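Heads up, the next two complexes both have chain A, just with different partners, chain B and then chain C.
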Partner chain A sequence: MGAFRIEEADRPHMLRLLIIWVILSFVGIVAVLQINYPPYDQTIQGQDQASTLKLLTVLATPVFVGVVMMILYSAVYFRRTTAELVDGPPMLGNTPVQIAWVAISAILVLFLAVVGIATLSSENVAQAVGHPGRAIGQSGGQTGSGTAGGSGAELHIQVIAQQWYFTYRYADYGGVETTHLNLPVDRPVELHVTSLDIIHSFWAYQLGVKADANPGVDNIFHVTPQKTGGFQVRCAELCGLWHGHMADSSGQVVSQSDFDTWIAQQQTDFETIAKAVPSYAPYYFPLPLTKGS
Partner chain B sequence: MVRRISLVAAGVVIVVGAMVAFVGLFMLPRPGPLAGPPTTLHLETVAAVGQANEWPRPNDPHPDWVGYLPTTTWTVPANSTIQVQIDQEDGATGLRNPFWGKVFGTEGGNMHVTFFDDKGNPQESDMTSIDPTQAAHTFAIPDLGVFVPLLGVNPNAPAGSANVITFSFKTKGPGRYRWQCFVPCAAKTVFGNGGPMSTIGYMGGTLIVT
Partner chain C sequence: MVVSERRLSIPNNPITGIVLAIPAYFFGVWLGTLFGNTDDQNTGVILGYLFATVAFLAGVGFLNYPLERLFGWRVTPITDPAENRGIGRYFRLSLDHKVIGLQYLVTILLMLLLGGIGAMLIRTSLLVPDASITPPGNYIPLIGLHSVMMIFITSAVIVGPFGNYLVPLMIGARRMAFPRLEALSFWVVPPAAVILAAATFWGGFPTGWTGYPPLSEQALQGMDSYIVGFALIAVALVTSAVNMLATIIGLRAPGMTWTRLPIFVWGIFTTSILGLLAAPVLAAALIMLAMDRSLNTSFFLASNGGSNYLWENLFWFFGHPEVYIFILPAFGIIMEIVPHFARKPLWGYRTGVVGLFGVALLSWFVWQHHLFVSGIAPVLRPFYMLSTELISIPTGIIFLVTLGTLWRARVWFTVPMLFCLGFLFNFLIGGISGVYLSDVPTDVTLHGSYFSMAHFHYTIMGGEIFALMAAAYYWLPKMTGKMLSPTIGRVHFWTMFIAFNSTFFPLFIVGLLNMPRRVSSYDPALVGLNRWVTVSAYVLFGSMVLFAGNLIYSWFFVSRPALANPWHARSLEWQVPTPVPARNFERVPVIVAGPYDYGIPNSRPVADLGGMVGVTGGG
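What follows is the complex of A and B.
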């Protein structure tokens, strides 16, 4: 028994494995770079998430290829051919291999840490979590600070989850409530997510937003749509009988002029019920809570 | 060894089969589709299905549950106008979200309601919305954009009275569309959305468009 070392007879295997790994890793990285990663690029925040996912996939590809390659190579070249049960030779360590193994892992993890910290301190993430500047390294963040109304100003929308539907109140347009979510393109949006009854989760997949909707909680998220088109809204928290149907595929990112037309129509329609609906407020605890006779 | 493994496997099969059967048998019993002309729905809403005026279900497992009658599974033709009449016999509970006091998605954007005023006198009117605090139930098919609040019977109305709500809406293509009530009218559970509100056959069901 001695220290583990690569036998002379194993060197061809090592060389062969290295060549296969380099080639397959290259092919794999080229392949995964071709993928259009979700949640795509309808919003700036969604694009950030897609970029992060792409980076992680690229870094994971050589590791995945190496593991699968070793399993298959071993199964083909080192499979047991006799029926007798014997242990293989013991391996008691190899300092260069261990150093390389720890160093590569450390470099990968530290690189991802640097990328993560840089992403968290970016302006886009800062905006997504409601801080005016950098998301980390700066105190005194505030929310709901946009100027009301007008093209270009931040748009404030309350997302109201209820069993089993989402409705939306546009704070900057008299608190008009709608049954669908329409957003103007290239305009920052501040979403205030809350619930009327139990815990839901507002998931606008293509927008890159997934936010808990809790009763009595004003959960704030920011998005900036950068492409027109449709998007889906669904509940991502099991919430009862019709949870699976708590979805709406008619969300739209439209031009500012189309949005103005749409919201004007909603305001007209809303007039019939406006007096009965309470004034816009971040916290929403409407009555009643009891049953009639 | 083989015998023991066989016994374990058989036991697993029996237990899994029993669980599947239990769940399946629990889910299967439900009211059949509504009979009658395909473009007309005549429904009844009551505070207790065992005491309905038109289609009482005294032998129901939950005779004191609120519900739509005679069934909550309706079959209608695609791309057609559906005439609906709801005989609403329940008192007001009120909407949690007042927004649903507005009528959406019906032809003309309204509904016709015969009801009783505060003096118990019969009245009738076309309405585009109601006072949200006076809603007893709603008839809502979200995927068709249909939301209709149902006015609760005035406490001063004669005993056994019902408000009659009529409206029409258009179906889209074939499919199964869920419908539900948005009034938390079930009580006794978390804020009123449990029990009959969460059970097919009472305050939720399916519109089958063929």
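What follows is the complex of A and C.
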């Protein structure tokens, strides 16, 4: 292993490549910064995901430009020009270059991992995490009848998946069950995702939420809406015949007062069927599966 | 010792196999009805498939040798390839690694055609956003069939044809270490494909290739095809892997030191380690699923105390090494072919080998990145995020070695070389998009969307299948004895490269814009992009038809035989005559130099072949 030394023959190639790489990377980074990254900014968590997406794209641009440039450059400048087959220079390797390449990729990777772990442990996303089988949060109650927490207290909502629709139960409002999801703006929500039959996945695209619904498991996901507006809900895990139709776009993020009106109406409607619905629980013991039926 | 003159007298060929398999299937079904559940036929169907497979293998001739040894009968001499040279040898049990390689090639390409037709049907269905072309009842089984068929193919498409044919030639051996095991690894593939296709008669299976319970326990009898077919592929993976490892370790010619081993052989070596260790885990999981479905156990049923997480972990503990089983031989192909056309030594040979082993090692520590949103313990997620991202370091080494070999080279732009460069471009996009999926916050939005679908098509089709094409154009002149037309080859490359990127790049955007995988109806706002993708996919299929045409035309309609060494390559497999003699080498060759010593002054030919004729030197 010798000192890092650039051979005379390499110099013009390296200089040319460096200049093109700097220019194209700069242009590329400016271009990818213009993109509005999904899942946009309806929730704090979605905004975090969008900014991570942007960071990854910015970092990927110089890597992509560099490698593609090397491929094209080799195809153009290192093409054989003679009619006869000739051998190239017998270069067997260059230890400093190899060490540098591994070191640079390691630094990039570790940087990404540190950023990712920091995002995971940050205030907003720290709890955006599933806890299978964990009991419902303290402020959630199975018997609380209409005792809405004040604005700002965490709202507990259970997402129940089954073939092939989602229903929602509001733990803080007596376990009222609804067919679509309404959320008050600027209030943290704790989603408890579970399933009655097979594995589904609750995907609210604009909210930046995706959580698998497993039978017998309470998968918890935190989300804080910060903008009012509609959102789509659909299943993201293959769940049989009508998987593609397990979708609706009736989800709404509304103001706290609109939410109070809506939930009161839901509670009134629910009273008539409340007796027939099982009482609220972290998860529901699924019926024995009928096979091949 | 007295050797009995008695012999098994049935003719051994696939027809006998099929004739035996059909009654065996019905016998299995009948047996299943005797003690299986009354409410379903799973036991019977599973037993039927297993009995049919064993009967087929018996008909092909796999039981002769064990029975002959057991009863002291005279052993049927099928071990000597020299006595079995007719065209019929390709349609019978053969223990010649070259015959097995070509049997594999044709079988797998036919399966690829089926899988490709499946892909075209899927894309046709997605021309409209409302499932009016293909109702979900057809669409869901269709994606299941396409996915598992393609997984079968991609597990074997390089190791099967090229590994079996070339590894003995490249290391200077006359055969594989275990020829019967090698033959078995091929002959279970046709039953596996037929059993998988038979799912159609039961309405298919609804789970895709992941087979997640409880959906797979709720499914109809089509699911049993998935279980038995996939288990047979696990058998093929293990038998092939143990054979490759034993061959590469034990049968290298004198002088073929580990540092003179062609890098393609290293690719096969590392992929075999993964296959040997991962496939048994799959087999175990499939047996548990079969028991859940037929014997009323509940390994995966939460309602009876099981857990679907058990399947998810077992499946992905196999499933993630499995995708490296696809790509490691492809890395080997790229690093193997580039030096011969760059006319330069492989730049950083040892580093490249370390890269292959690095990928192989890390592949065992990443499987839970498939479960980031499944509800696993959150403390696990940073570890799997880090380990997944670390894989880009050894993968980067593969790029470094290839680009270093190209540096200041005298590149001879042949069709295989074009496919190698196409591989680099596609796999770069595949690799970078993999980092997006490894990062937990972005994975939350990308998981299960078309983004991940585009990602793995970039790595598998853009990566492995492009490497396969490079290998086909490069090595088929040795294997079939005919050159593929370079003119058609160039047209094939450019249509395939452009159509591939035009098909799969928009799918990243489709995924970012909220389209989940495996749906027959989608957001009407995405119809424009989907139609673009479908039209591109048709062109992509057309480019594959072009390849098939080129292959058939050159193989059967060109009379001029290929030169023994048309690429003037140094490596050992090109130093034997074409067609390759029955026993490969007249004498065991003595290896005296490395395969990539281009441009090194006074470099010796790679081997002393003992005065063989028909040799054209490379360097």
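Here are a few things to note about the model shown:
In this text, the second predicted complex is superposed on the first by the 244 of 293 C-alpha atoms of A that agree within 3 Å, B and C clash if a C-alpha of one lies under 4 Å from a C-alpha of the other, contacts with A are read in each partner's own complex, and residues count from 1 in each chain.
The rule is simple: contacts are C-beta pairs under 8 Å (C-beta built on N, C-alpha and C of every residue); 3 or more make two chains touch, one makes a residue touch a chain.
The structure presented is a predicted model; accordingly, all values stated were derived computationally and were not measured.
By the touch criterion defined above, A:36 lies against neither chain B nor chain C after alignment on the C-alpha atoms of chain A.
Judged by the touch definition given at the top, the superposed model places A:279 against neither chain B nor chain C. Of the two partner chains placed by superposition, only chain C is touched by A:112; chain B is not. Of the two partner chains, both chain B and chain C are touched by A:197. By the touch criterion stated above, A:242 is placed in contact with chain B and with chain C alike. Looking at the shared chain after the overlay, A:219 reaches chain C, while chain B stays out of its contact range. After superposition on the shared chain, chain A has more residues touched by C, the comparison being chain B against chain C. Residues 197-198, 240-242, 245, 286-293 of chain A contact both chain B in one complex and chain C in the other.
Listed in rising order, the residues of chain B touching chain A in the complex are 47, 90-99, 101-102, 104, 128-129, 131-133, 136, 140, 142-143, 145, 147, 152, 155, 178, 180, 182, 184-188, 190-193, 197-200, 204.
Those residues of chain A lying in contact with chain C across their complex are 9-10, 13, 37-39, 45-46, 48-49, 52-53, 56, 60, 63-64, 67-68, 70-71, 74-75, 78-80, 82, 85-94, 97-98, 101-102, 105-106, 108-109, 112-113, 116-117, 119-120, 125, 128-132, 193, 197-199, 201, 203, 205, 208-212, 214-217, 219, 232, 234-245, 285-293. Taken in their complex, chain C has these residues touching chain A: 39-42, 131, 136-137, 139-140, 206-208, 210, 212-215, 217-221, 293, 301-304, 307-309, 342-345, 347-351, 373-378, 381-382, 385-386, 389-390, 392-393, 396-397, 399-400, 403-404, 406-413, 421, 424-425, 428-429, 432, 435-436, 439-442, 444-445, 447-449, 512-514, 516-523, 568, 597-601, 619.
By the touch criterion stated above, chain A contacts chain B in their complex at residues 160, 162-165, 167, 177, 179, 196-198, 240-242, 245, 248, 269-270, 272-273, 276-278, 286-293.
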